[in-house]
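For reference, the structure is listed below as structure tokens.
Chain naming follows the written order as A, B, C and D, and within any one chain the residues start at number 1.
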């Protein structure tokens, strides 16, 4: 898979239900540096809506989202 | 409603319970708030999802546990139990008769009224997927299926937060 | 979590109910809020105390009434009933199986996660002393035992207050 | 009956319980013009308290209230 946004880290949150994709993303970003990029993989359709809201309310930047079959890839840049 | 009346605060309700009396209490508050021009959002989760299920064809679910849960948890706006004095189903019938006598709207009418007044209904994702329910199983009045983060982003801007 | 993410509002929950489904709803909200950098406090009172009791050795209490209450009210995070469809204990087992299938965390995992994210747990004093429970009976994740005044001093600074 | 305030519209909300008098009033005013007057008929004693509060919180003006047997007549001017 091409890694469109040159992610520094990939978080595989597939199989997890709300609110776990947001929780795992928050915990993963904790260990990263500002400006670094995380790629979150999820197959929870609600994450398409929830993770952008999460990013907005935590101030982290949503770079993009793409779908690859059932997998949704969400790219966030740590604030 | 949104444009004509000034917005005066907001109410966000999580309807967790599946009993008719609790759903009615939620909708009395919701419609009164909407009449005052308040922004009202109701999030339906767990048993509360029954209030916005379509009638009929409810034995959904892709596995036997979900099928069993939905069969036993059969319910929709016209067929919910009471939280007290349910009396094997006689209680809801009595309450409905009393409501009709007093011209209290039925839950079904409340849902229609609330929706017409701009109250937003959101099914919660996690409990839907636990129960094997899909967006199509819910009334057309419902908005998108949402998750806890979206709920919180709305609730934190809200004056009155209730969990019913 | 506190330092790294900006604080964006706060959630205070009183968990009064001892059923697994309600405790789950509380923890879904709590962990989602914590993930958003919100300050989250959960106060456990009455039956809600069961969610944070340690496993085993629960027939505490210094008099026979307390002993009886604790024996009948036996419960901890891995063994709570449901608010509906409990089916003499089959309901919770089914819900747990469905949760595992859907990879919804168990209540036990939710408690660990919430604690790791900085969610604070406070047992309420009054109901503890009614039930003859002591701080040692609760999970190590718990903060100090508190009273209603401390709860209110936190709740009044809180955006989202829920009673579950 | 004399129509003391020359109402442009009468809403008969008799027989309806809280919160329906307020709900029906809100819906009726939706269809009216600013400055127009509505006469609300209700036999719900709570409306004597609730409708003035409703008027205050929506900015519509309470012109007056009168009782005629069991019927309460409430006059409101749309803001």
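In this text, a contact is a pair of C-beta atoms (placed from the backbone, for glycine too) under 8 Å apart; a residue touches a chain by one contact, two chains touch by 3 or more.
The shown structure was predicted, so the numbers you read here are calculated from the model rather than taken from an experiment.
Colleague: So, what's the distance in Å between the C-alpha centres of subunit D and subunit A?
Modeller: For subunit A versus subunit D, the centre distance works out to 52 Å.
Colleague: Averaged over CA atoms, how far is the centre of subunit B from the centre of subunit D? Could you give it in whole Å?
Modeller: 29
Colleague: With chain centres defined as C-alpha means, what is the inter-centre distance between subunit A and subunit B in Å?
Modeller: 31
Colleague: Where the CA atoms of subunit B average out and where those of subunit C average out, how many Å apart are those spots?
Modeller: Those two chain centres are 25 Å apart.
Colleague: Identify all positions of subunit B at which a residue touches two or more other chains, and write them in rising order.
Modeller: Each of 126, 129, 147-149, 152-153 in subunit B touches at least two other chains.
Colleague: By the touch rule stated above, which residues of subunit D touch at least two different other chains?
Modeller: Nothing qualifies.
Colleague: Assign the assembly's chain-to-chain touch graph to one of these shapes: line, ring, star, complete, other.
Modeller: Shape of the chain contacts: other, as it matches none of the listed patterns.
Colleague: What chain-chain pairs meet the touch criterion?
Modeller: Going through each pair of chains, those in contact are A-B, A-C, B-C, B-D.
Colleague: Considering the complex alone, what residue numbers of subunit C touch subunit B?
Modeller: Within the complex, subunit C contacts subunit B at residues 8-9, 11, 21-22, 25, 28-29, 31-33, 35-36, 38, 83-85, 94-95, 97-99, 101-102, 104, 159-164.
Colleague: Can you check the complex and tell me which residues of subunit D touch subunit B?
Modeller: Going through subunit D, the ones touching subunit B are 15-20, 22-23, 25-27, 29-30, 54, 57-59.
Colleague: Contact residues on subunit A for subunit B in the complex?
Modeller: Interface residues on subunit A, with respect to subunit B: 17-19, 22, 44-47, 49-51, 53-54, 56-57.
Colleague: Hey, which residues of subunit B end up touching subunit D in the complex?
Modeller: On the subunit B side, the touching residues are 1, 4-6, 8, 28, 31-32, 34-37, 102-105, 113, 116-117.
Colleague: Give the list of subunit B residues in touch with subunit C in this complex.
Modeller: 14, 16-18, 45-47, 63, 65-66, 68-69, 72-73, 126, 129-130, 147-149, 151-153, 155-156, 158, 161-163
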